[in-house]
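These are the structures, in structure tokens.
Same chain, two partners: chain A is paired with chain B first, then with chain C.
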Partner chain A sequence: MDNSITTQAVTFDVFRFNSETDYLPYYKKYTLEVTSEEVVLDILNRIKWEHDGSFSYRRSCRHGICGACAIKVNGKGVLACKERMSDLIELFGTSMSIEPLSEKRAIKDMIVDKADFWDSHEKVKPYLVAQIDESPESENLVSVEEHEALLEADLCIQCGLCHYSCPSVEINDDYFGPAAFVAAYRFNADVRDSATVDRLEQINAPAQGVWDCVKCFECQEVCPKDINPIEKITKLHNMVFSEFVALDNVATRHAVGFASSIRKHGMLDEGELVRYSEGTIPMILKHGVVGLKMLKKGKVVPPWKMPKSDKLDEIQALVRSSSTAEF
Partner chain B sequence: MQDKLTYALFTGCTAKQSTPEQLKSTYAVASKLGIELIELSEASCCGASHLQDYDDFLSLVLNARNICYAESRGLTMVTICNTCQLNTAMTKQRLDSDEKLKARVNEKLAEVGLEYKGSSQITHFLYAIIDDFGLDKIASMVKTPLSQFNIAPFYGCHNIRPSELQNSSHRTKENPYKPTSLDELIVACGGVNVDYEQKNKCCGFHAELQAPHTAAVLTGNAMAGAIDANADWMVTPCPLCHLKLDTQYGHAGEAVGREVKMPVLHMQQMVGLALGCTPQELGFEHHLSEVDFIDAVN
Partner chain C sequence: MSIPIHTYDAIIVGAGLAGCAAARELTEAGKRVAVLTKLHPLRSHSGAAQGGINAALSEEDSIELHEFDTVKGSDYLADQDAVELMCQKSPETIRWAEHMGAVFSRNDDGTIAQRPFGGQSSPRACFASDRTGLTLLQTMYEQALRSGVEFIDEWYVADIIYSDGKISGVVAYNIRNSDQAIYNAKAVMFATGGYARCFKISSNAHANTGDGLSIVARHGLPLEDMEFVQFHPSGLSGSGILISEAARGEGGRLLNSDGERFMERYAPSKLELASRDVVSRAIINEIREGRGVGPRKDAVYIDLVHLGKDKIMERLPELRDLAITFLGLDMIKEPILISATAHYSMGGIPVDKDGHVRKNNSEFVEGFYAAGECACVSVHGANRLGANSVLEALLFGRHVGQTISNEIDQIDLRVACEDDAVTMQSELEAILSSDGTESVPKLRDLLQQSMTDNAGAFRTKEPLAKQIEIIKELKDRFNNIAIDDHSKIFNTDLQEAIELGHMLDYSLFIVESALARDESRGAHFREDFDTRDDEKFMKHTMAYMDKGGDITLEYMDVVAGKFEPQERIY
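So, the complex of A and B:
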């Protein structure tokens, strides 16, 4: 194996912005000889040290644990201190953009204002709520299984990569975002905690809660700690039902509607799902125009022609025997 | 001549209802390529990434049951919907990596005389034809190259993320930050692939009822991206993305403040067009955003 260090010229289009002096952000090009051993943080350092001392970014641990150095390279969220340049060159070639996590929240160059991230966190009470006996007679033990139920949610370093890669966060300021949901799950899954219902009421509310997740899996893909936020989001959905805090609204009915449809046809009855989720009148108001066009184009199957799965009785038997939720 | 490629086809619900053109074109392309598709007529809905929010265990049992019917036929399961692919492959991954969970699911399946073994692969039709048939071979069969068209690929989340799961389902290695399969398929069909920022982004379909504004902005951004990159039309492997892009251009346009309507083809329709299938075989009459360039092709 050849272990010699190779170098390659790479051109970086770097986002520059100073909110105190600039009206608009601009991009500055830097071409650097990049060695196969460097990580993105080395590049940021070299831009600052060799080209422009005013270039600003956050970093602290250089060990992938403080979460400060999160930025985007060609749209891919990375921890600058962990991401190898050789991998990025292999993926994107020798020209790439360097941008902050969120352009609209940029303060200076790579530095963003994460206030919205912390605000969302705060709303889900990211701490243990418990009555602690100040003079316990015995140890308060948590079993290995109980600890494993946290599903690594306690390893989150709050880097914000998932939050600022989430399209729902980008579009809807109220949406808590994947990292806050990870925190909500982490404490809801803790056997010592007693604020589960409080948190569920927060994450169950329309616009801000889990139901506004578009299921794009960006959060799972980007997380440098393999925390899989959307898995925790699913667990929170489940808790909403198991703790009986589900509201009767379009979002819950939409999830429940799948079970009813499968019980009836095996397949999903698309029209009925929309009607059941929205209610008949809102369905006509919101979807009537498009629905009519779809009907004309042969995209709506009338109820009497609804396809059914073969062996429907078998599906129905399984729905009876394997259902674990109630609404 | 190699043995005929045969797959167990999991149609999903959409192809049987709101995207009939997708089912038609799947069969049309399979017949041109000499691929045999055996329909899993016993299959239920996969839960479309929503059932598990309500009842995760039920979702696992039903998806495992669907896979059983591919296993009992000794075939690879082929999906034609990104979300079916995600739900089915994720079920497989969870059961194959957790003996206890598999036993719990099999206990239920045993009541109806079935057993999930984990013996069938599950792959999307897009990757099946790339992996098993080959892009070169498709290119060599092209009758009407799509060379006059700038075509914008729209990959759809559930074929590319989470990449660890997706890349275990097929041999083509796809990077979700720079996917290439659909681009390569466009080129194999003789078309010009268009690069734009939103090609690997979400269309918002899954939150259309719950978060209509978010969903509409995502669709609007995607279509605006394709239009600004000079695309003549878009192509997608996912019928849910297709529904969103083909039927929701009105809401999407309102949300992003500009008109965004353009023809959107299923990946099967694009391949079919290049291979010389007729417009009827490909079901263009079902589109809401009229496919108005067919005369130019034939």
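So, the complex of A and C:
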């Protein structure tokens, strides 16, 4: 930083849309001299303050804690006030697009309707459920380990980046999305809370729940606070079993089938996993034709030819020692 | 234009710590309450508080020491009845927040951990890593949600309905679509936050434009102690973004261009942990005398390298991240660049310790309450101690919520009518139809730069007098603005213009009050009157704006208590 501040010209292709007057969105180009000190929010401010006052976006705190200013730059989800322009220039060069988090939810320029995000959030009981002592004389004792069990889930700032980067949210309107699951985990992991089962019932339900996560890790990639939502989703998967709220459905059987395959063979028996998850008859009806073709081409191993790992006993011991849940 | 009138028992404006805490109390007491905010509640600036929240919890500490430190820190301008209430209730308040879910850092025995902060006799700041405000704001919002509080977010409150010493609601419009509404209520509580956004180098959020203060002042009601604006010692060079006092609390050392730990000269006993005003002036003085560092030589170093990676990652991870983002410097490996930044508003809407808004030195406005940074209780007097602000917001937010709840049945609802919206409607119309030549961002920049230059941490008569003329000129130019956006959807251009109008109004209060205070006390430092003058100025400033925009000053006695004024040495 003792070295000098540098500048370079960058061209921004900016998504513009006003739902009151525009039938379709359009893009407008702005070329600005960008300094090595600036973050994306500085660029948004300069477009508004120096070029077009009607350009609109949400922002408040300026330093990555209020969560208002999430947008996309060249398709990459960023918190505008925490993203250095110099990093983006290194990544994308001197030309980039600026777009809202979700184009189909755009109301005006960068501002999107986040109703679905907040609705999902509220459905997981995002608050500590406990009898509140209104004038306590002492605090609850929470050990350092118990405090650490939250895995920083309480640092989530509800910016919506993971939610609007999630492919399952994109195609499934019922799906709660990673941020809501982080909130569910944050309270379920809290020793002071007493609504674990209520929340698990919500997040275990088909379509809306954790089983619709496709494990693409996009949420982990995009989170500006390094919260790692998929880690919490995985923890919730486990809690569903450890708290005995698992339902006998295709999602949980998929998880159980996975584990039993590993226990049996030391590796994944893909054909058996489908049969186990979906049932024999539904499997034949749904995948029969494709399955036969795959068998013929050797793309899937028939049950009678399924090999076993060399050190199956060691793998089985590992599975036993790492299993936290019985099912 | 026809405008809907919604009726509630109480309306709260602002959804930060104070607003959420009050709303929960009222809802739990069965009152019909709504919270209006121009943001989403979780975007409120309470969430930006980093370092801690004070309570005398430990054996070595005591309520009385907390009171003494607060009064001494205030340079004896705090009202001691309010300080007493705050310090006595703080342990219970923090434990109550903990019971509601706040995620505090813990000691090995499971109790709430505490760290040292400036101006305090004992490690008293309870903390949640370096995101204390975030966990508290989230917790209050969550529990308010759980209680069923009605939040009306992204609505802009532009006016209060006030006449004959009584308030009966607010007038607002929906930022999303420009729909207007009157919120008619028996009680109104303002929890609208601080006003340090009128300075160029500021730690404050974009939203902290002090709207609530000038809304009140435009009705001829007073603002108290507006000259007292805290300049925090550690803002990041250039942006002014905050590096919490926790950085010094955990052991950060301040160094100038000679590598000298210069606080040894300014506060030999407390060093970096002297009161904020003392450290800020020391930093600015080092820079003024040519011992600044960084590309603009406008900063000093804070060195945390000796803490080691583990402690930095455990205690200050957010701060590290901020310095990397905004300076490209990693505090684990190298010192970072900081300088004083406008941070906290000690002044505000005058209230007594129960949150009743004052009409003048002896009367109150019926049905009107305020709490948090927008209010002047005054627990901070001329200078706030670190980790006392979230405490004030949370504690008085809750306390004032309880006050309203106890009093509301004795207040009669004055029924609102459509004419009550006229002031807001003409304000909006004036801005939307103005086709002048001035731009809002330009005028705002001129205001902020000139406030930093002329009414900052060091003040003298001539620059202050000049600043009054500058503000008056900017006000004239403001009448000749033109905005680009005339749409009804999220017209943030219009909103920024309204906010600038407020900033111009309350900035004049700051400067007029500062010019008249011929002494140095706490955050208000006059180079031409560099000592404290208790005889003349151990008083609160009460400033009033007339219809022509001119300010009249009166003074109000400080509420004395058990601590007699003494010289403030750290």
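Please note the rule applied: the second predicted complex is superposed on the first by the 308 of 327 C-alpha atoms of A that agree within 3 Å, B and C clash if a C-alpha of one lies under 4 Å from a C-alpha of the other, contacts with A are read in each partner's own complex, and residues count from 1 in each chain.
Heads up, the rule we're going with is that a residue touches a chain if its C-beta (ideal position, glycine included) is under 8 Å from a C-beta of that chain, and two chains touch if they have at least 3 such contacts.
The shown structure was predicted, so the numbers you read here are calculated from the model rather than taken from an experiment.
Partners chain B and chain C fit side by side in the overlay (superposition on chain A).
Panel annotation: after superposition on the shared chain A, the angle at the CA centre of chain A between chain B and chain C (CA centres) reads 140 degrees, nearest 10.
In the superposition on chain A, contact is made by A:Glu134 with chain C only, not with chain B. In the superposition on chain A, contact of A:Glu20 is made with chain C only, not with chain B.
Of the two partner chains placed by the overlay, neither chain B nor chain C lies in contact with A:Pro303.
Across the superposed structures, the minimum distance from chain B to chain C, using CA atoms, reads 14 Å.
In the superposition on chain A, the residues of chain A contacted by chain B and by chain C do not overlap at all. Those residues of chain C whose C-beta lies close enough to touch chain A in the complex are 39-40, 42-45, 47-48, 92, 94-96, 98-101, 103-106, 108-112, 128, 131, 134-135, 138-139, 142-143, 145-146, 176, 205-207, 237-239, 241-242, 293-295, 318, 321-322, 325-329, 337, 439-441, 483-485, 487-493, 496.
Contact residues of chain A toward chain B in the complex are 74-76, 91-92, 167-168, 171-172, 175, 206-207, 211-218, 220-221, 228, 234, 237-238, 241, 250-252, 254-256, 258-259, 261-262, 266-268, 270-271, 274, 277-278, 286, 289-290, 293-294, 297-301, 307, 309-311, 314-315, 317-319, 321-325, 327.
Across the complex, chain C is touched by residues 1-5, 18-21, 36-37, 39, 48-50, 52-54, 56-68, 82, 84, 86, 107-108, 111, 122, 125-130, 132-144, 147, 150, 154-155, 157-158, 187, 190, 192-193 of chain A.
Across the interface of their complex, chain A is touched by residues 13-14, 16-20, 41-45, 47-58, 61-62, 65, 108-109, 111-112, 157-158, 161-163, 175-178, 197, 201-202, 204-207, 209-215, 217-218, 247-248, 250-251, 285-288 of chain B.
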